[in-house]
């Protein structure tokens, strides 16, 4: 039995509140149960140095946890003077995921920076970030299209992410913090609408699994992502 | 006329939402009009090295703006690798203000860290932070008292802060961003319930004022802080 | 009674020695009693990036304490790898103060950097820095005018600063280190010749004061700054 | 056709030279074709602060590329003052992988740090690092056992890693630099002797793949890792 | 008697293996006994900002020890976030030495960066680095000349370096680690073929010496450098 | 002819003003012509971690140039966030020099930190620092002996330093800035009273010299240091 009483293939409640802040071109407060992430998409008329004059845009992401998003207060990275390896790993993952579903030439010579700031953490902050980031990106691109700055839609598909794991021997979907802390194996899947895989990050520090186990986790992820795609669709309507 | 149509001594709407996040011992989302700050108070059973064994607690504060709290995206301080002079100045001000109304001996050998993260900025983020911080601190101390960890209440008074300025020749209360950008002079007052002054930070980069001008701003601040004290009282009830 | 035997409204001896070093366009060793600060003003033919092509100059300041300016040796900020919040707060204050009395358009597209290095500290280092900085700036601008690089004098007034505080219940002028360490309240005033206020930074960590107290400190500051204006006048003659 | 002329399931030549340097408890120069990594395992009689007194050892890893390991010179991370996100991601992966096959209690209260310094890069540096790291770790642990410092062998299995990808539509094993630069998808597998999976990191920035594609890459990885296990066995004999 | 059994004026075995790595324009693994340094010379078509448009090239050097090059593991400088004073001192010495024998105008507007990474340390790593660096530089310049990028040879002479010291009262040549640790005085000489001195760095922390002692060390260094010049000549043939 | 009109073996005027600041246990303003360095020696009752419990004291040094000590303003190292290689090299030299003439066991378990802050630079700042540092150290140790904290004098000899160089073909003593900028070779000698050598740092970036040249520079240095020893003796009287 899962601590939350959920069925193995049962997601937590998903909530995607658009327009949570007013300045960003795209702004979303995304919740997966008690995990809440504020995601903003900011458009700037510049691209990184290595893309100048190459007729291409850029999408990148930054990620942070507020110090007391967690059970015990963490040290603020700005105070420590550097971002942790974990933070950098996550923000690289979010950026790569978004770039896998956007046509950067169609975006034009501009950069969209997606900021994911975790307000409250209860497991799955990186996957909630990616799932919310797609909505913020969609809203920002909609604005560019409404303003006539872009002719053709550069977004090619929806993308979503979810964590799965083996908890007390059973593959389960959408781990919360308690499950995550004691899971035997933990895998994050980033999936594209239509059944394709963008990223798999499967780790087994405490235990290991075989080919069959990996497949069972992937299939749970597909169930979860289909629900996220529906929530994204509803949010941008 | 003020851009917002407010009277010179009229505050923006104040909203203090307690329990906004679940992990912190005190958690508040404070709004002054469109300025919104998430404030959490975190209790830890340790004190800074210089206080060890001195039978005293400590209260400190950290402040940060989310990158897209503002009209244009700012660079994340964690990515730059250091906190700006402005950030440090503000968090030192918040900490000093809170320490002026708490008895650190009565707090006992523990530290309360107040994190002020600006979700959306429209002027007056440091004063909203202080005003909200008192509520978060109050809630955290209430918890310590309810748990029996503290016998006597260490909080001696309410504290609140507001900015005033001279806008197009007229002293006005609670500057929003538009006013703040073009004000001739700008002063932040931190006041203690009962008419006492904890801090004055009055700056005139564009213009200057005399003793009479300073007094008029101080009196506006007293009007404003009285309203904040009432909102704080209502919030912790 | 003050530890130094001074009357409540009595300043320490002020000494402003010009030309203390030979390379800087303006160079001053300023003393307020045992507090001694070496201030240099350096002219460079460049402005910060955000002012390029805007037909405006810039004045900025940096502040530092030599490690053994104080009773016990402090860690060198260059060795620690960062400037403290206190240092940044002070150098921002010095720069703002100087910019409040100089016309940056008349200065032309050049930057003047004022370096304030505290050789020996006995209270009031930031206010001594501002008071000395005006002289160094005046000397550097005189040089520009003598060289024909500037036609109209960009300096619009004298500026000076002094600290006041409430020491054992009595408002006193120009706190030295012993007074500063045990004062109930401490306020730094930056005043412009002619009775106008540029900055007030009044802090009460240990105690608080009311409107009347603030006014009494301000009036002491006016007495002190008038003496500083006279010393500045004599120094640049 | 692969640029190197290899068959899709053909590895590059593996070479594992033990004892390459004399000071480290375990030292290996591992080559996969032109990719060469110097791996050392260093034993220290201390553990990280969070493990003190918990009767457990620790294994961690660091990774670096020499500046001219690559086609064009990269900036030295020590000169830049920080490790890149990529470096941190890789060294976290190496450490996690090694910890998945070692019993930290049996290791005792000591730390083994595995340093992977890439002398020459031609694709697959992180997987070569993991594969070589197992040998260096094995040699260091053998030394502890020979010295009588450890009674029971803490290493529970062999571990190896290999990259696979989809190159011009075909799944291929052990990507070299040319293939890696233009592969449609790229996956790193860390496998444990006996068919279990420790880690999967599959990324598709340019393209995507489905469940079937992921399985085909995993099966290639199993072929490759079996050859690495044999080479590891030969090296430690 | 020297711990190694060498005569006072006897060098360790010198080995210079060219082409150790394939990407760098010049690549050398240089050994003085058990001290082994990988030296690469990298050509880039850019010069430092202060040389732009001055019709001159630049030669610079970087130096690093792999963490386990030494008896006990050192902390990686990239992980610490800064290069030690010792590292900076050594890399400045290597760069100055190379610049003393190259005509930067003849090199043309390009930079050669020489990276010296110590694989294994047994005393004399800085002098081995300089001696090997000349060979790497020579190979890189040969490549530029073979490609027709340079017409006239910019290298004016060979340069080599060796350490000497007073060990148990006797001046000895080419100190190894054991001797270096307990030598009374330690001097590094950088000599140019033909008897000229480029640098002397003679230090006596434990003891001191007089003019006669300095001369005796210099004469030993001349003996040693002549052998290094011969090894350099053989290596580039 | 030297630009200053001095004879080749003629020093600049030496001035050593003791007690320049009041807090430090030893304080000196040392001048060699227009080069002026403020040197303080600070005693602390602690030693570095690696010396704890070893019954030994420590002497270390820090060095800095005030930003406008030079012709053009340099960037403040505290603002840059790190000390330059040159700064570290110099402060390591000063510390080593002082440790070569002090018996650290006799000093007892305490640390003396010597801070050398260059107020005005005109060549020879590191050698002026060492020469002044001995006086500051002597004064601080005298204080320890007068207080009865130390029984036996730990200082074993005087130490002084001077730069020499080959200027337009002629060996000259005590280079000023103009000579230093265009000298063919530049050597800093640290000498101990009685004719012994503590350090030689001889560099020839533009030119080179031979054994004879080195000896001539050394002999000039001996002339110079004898004058410095006399000035040190007079200063501490």
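To keep things simple, chains are lettered A, B, C, D, E and F as they appear, and every chain counts its residues starting from 1.
Operating definition for what follows: contacts are C-beta pairs under 8 Å (C-beta built on N, C-alpha and C of every residue); 3 or more make two chains touch, one makes a residue touch a chain.
Composition by chain, UniProt nomenclature: A, B, C, D, E, F = Ribonuclease PH.
What you are looking at is a predicted structure, and each value in this text was computed from that prediction instead of being measured.
> If you walk from chain to touching chain, how few steps can bring you from subunit C to subunit F?
The distance in steps between these two chains is 1.
> Can you list every chain in contact with both subunit A and subunit D?
Intersection of subunit A and subunit D contact lists gives nothing.
> Write the angle of the rotation needed to overlay subunit B on subunit D, where the fit uses Cα atoms and the result is rounded to the nearest 5°.
120
> Measure off the straight-line distance from the CA centroid of subunit A to the CA centroid of subunit C, and report it in whole Å.
About 50 Å separates the centre of subunit A from that of subunit C.
> Quick check: how many Å separate the C-alpha centres of subunit A and subunit B?
33
> If I count partner chains per residue in subunit F, which residues reach a count of at least 2?
81-82
> Among line, ring, star, complete and other, which best matches the way these chains touch?
Contact pattern: a closed ring, each chain touching exactly two others.
> Starting from subunit D and heading to subunit E first, what is the chain order around the ring?
Result for the ring walk from subunit D toward subunit E: D, E, F, C, B, A.
> Under the stated contact criterion, what part of subunit A meets subunit B in this complex?
21-24, 27, 34, 36, 38, 40, 42, 44, 62, 64, 66-73, 76-83, 87, 113, 115, 117, 119-120
> For the complex, give me every residue of subunit F touching subunit E.
Its residues touching subunit E are 82, 85-86, 88-89, 91-92, 96, 99-100, 187, 192, 195-206, 208-211, 213-215, 218.
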